[in-house]
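Labels run A, B, C and D following the written order; every chain starts at residue 1.
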């Protein structure tokens, strides 16, 4: 048995995303954001996207390019306070924004990746985030039904990948990446380094290769990773 | 039948082989065949089975056999392992059976009063693998058919089985029930029909042999 | 008040410090103080904040500051990070506030029409940390009290706040409402009572100063 | 800031388990089973335990000692076919056994560790495992409510630990250990090697230290780990 090679040119991988797709994007702030994949999605210009991402990055970074280019119809997120454009587009109703508690967004994505229908939680029960959500009683206590999130596509940034798509992340660049890498029908991972089979220790793999469809090696690191912006 | 079942595996698949006959399928694949074998106790990329003298005490498959890794293997916990199964990343599973119904229902985990060890990971494999095929003897030890109009034993999953490989035949589960696809060398159509406790369609005039 | 709040941290605790004033608490702990600082973007064991020249582009806290690790740090994904919070492994969180009610209700994430960036991880920290304390100016920029009988802004969590540290006082949230525990140097009882828009019990005849 | 030392003598750690406790035990077959912690629990003899473990080990191994010693009132598991004593005790009603689908047991434990109330799934809907479970409709489809499992105590086997309780597992000895290490009020980990702070790379930690209460270093490896039993 030999594991197959999933390396792929970036143009080809991103071209598989149709207009109207739901796209999960890894990253929390700068670390772990797949800047290069996002740039290619901006270049190709698919429209009407639903984007699922923890935050809206900052102006001029990451998914802000998608917002500026009018490609995003809907954003499912937890906090967009560092991106004035996202706030302005929300206020002008140019993009629909659904806010989640951060750990609940993580769990909804994970539930999608785990093939579950939903999770039950008391998080946000006393807040306006509970509005419109199904509630059920478990052992006499009210819980919110938080439905699983799956996407057509997940865009992932990894530090290292092997050609089969086993991924490893570094430091706080891990964040939502391993969760989203399980929760989409098409998973595209950009990697700073692409290793041959056997290049990653099996115990140190963060995302097992069977979840990943395409591996895009990064020839150069996006300048959007530059330390210090604010 | 095991050699025939091995041809069911398409290059690039992620495959889980159940305990028993299915495990032997791997012996019929070329050494460099591009496939990723998954075991539910937390490994993608199973390598060859090892003799005890060469075994790693921490490296087994779900059946308890000492296995090895291949370049590109990954270890993960039991939640991730079944996340892979339930979320559609398992292309194929090959399972054993006590009974398969003409509707694709599968019973393979419990015989009330006689055998009740628990379902293990079988329910999720049967219910969620993209394709479920069964490898089994055509009849049980007493000669009773295992392919039936309906299962009498507790179900593992409903309507899950796509194809059955037996010592007598390759049989698909179609919308209208069992469909004969191939016959084993030396087995006649009437023999397999007689050993099957449900209608068996035979659409091909010239039935293939394996 | 920040120095006073630092004394709230008991050796051995796992602590999450919210953005703003709470982050500064760490500067008032001895270098070898036995505490584990958690940040919700996936790190236990936060080390000192770094200047951009020394920073690692992949290592920030939830507020975006460049931080470091300590011996024994661990990185994890966002699901594990909030699993830690929700399952009771976070001993203490220190948060900012727009409003704190005498019932312990907290509002700190939204001012309708003016400030709606989303709640981030604040709801889970407020609702699930074993102990929630607030660090805030006693009044807002316009001089309006932040400690009130009831919150008028959208809630972060109900009945969660145990103690409030302000520039004027240390105030507990008891079953009967706000209870004055300490006064800042130079602040009188009548000043703090006047700046608080809810009854303020004062059980100690000889109130401590900080 | 310095992370605290959680190393602890085994007798002291296990003595914190009361009669009647619910105890999660890591391991899938032999790998990852905390044989030494189990032996101490047998020696101390706490009774009326509810044990949550993937399997019942084999005769003469692991939790079979607890069964043989009459310490187990109830077993929540997925498969006990390799332990004839467990099967016999089930048939004789000497121990109450609750069977779960394996991945659902993993998810129920994980949900407990993640502070969720329950998960919703279609796994087992057509089987007798669905009997007695609450069902709800999500988007017009019937789902089972699988409630979260938490325990008073989790007994964990790790390959390496640092003194703060960061844990790393090897190979298929990982299995249920990282899930259970998040899902109990008192988490006791035995480790083949206990390292000083900084001995584990932060990216390679499988169970973060904040989840772990006591670290027990193993002076010798239990002979129950011996390769080949059958």
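Everything below uses one rule, namely that a residue touches a chain if its C-beta (ideal position, glycine included) is under 8 Å from a C-beta of that chain, and two chains touch if they have at least 3 such contacts.
Predicted model, so just to flag it, every value in this text is computed and none were measured.
Any chain touching subunit A that also touches subunit D appears here: B, C. Note on connectivity: the fewest steps through touching chains from subunit B to subunit D is 1.
Using the mean of the Cα atoms as each chain's centre, the chain most removed from subunit C is B. Across the two candidate interfaces, C-D and A-C, the one carrying more C-beta contacts is A-C. The centroid of the Cα atoms in subunit B and the matching centroid in subunit C are 56 Å apart.
Separating the CA-averaged centres of subunit A and subunit B is a span of 35 Å.
Centre-to-centre separation between subunit A and subunit C, using Cα means, comes to 29 Å.
Across the assembly, subunit D contributes residues 107, 114-116, 121-122, 169-171, 174, 202-203 that each touch 2 or more other chains.
Residue positions 43, 75-76, 79, 82-83, 85-86, 128 of subunit B each touch two or more of the other chains.
Inter-chain contacts occur between A-B, A-C, A-D, B-D, C-D. Interface residues of subunit D, counted against subunit A in their complex, comprise 107, 111, 114-122, 134, 136, 138-139, 141, 143, 145, 147, 168-171, 174, 202-204. Listing the residues of subunit D that touch subunit B in their complex gives 28-32, 54, 77-82, 87, 90, 97, 99, 101-107, 109-110, 121-124, 126-129, 159, 169-179, 206, 225-228, 230.
On subunit B, the positions that touch subunit A within their shared complex are 11-12, 14, 26, 29, 31-38, 43-47, 69-76, 79-80, 82-90, 128. Those residues of subunit C whose C-beta lies close enough to touch subunit A in the complex are 39-43, 52, 55-62, 64, 66, 75-79, 81-83, 85-86, 110, 116-121, 123-124, 127-128, 154-158. Here subunit A touches subunit B in the complex through residues 1-4, 112-116, 150, 162-164, 166, 182-183, 185, 196-198, 200, 202-203, 205, 208-211, going by the rule given at the top.
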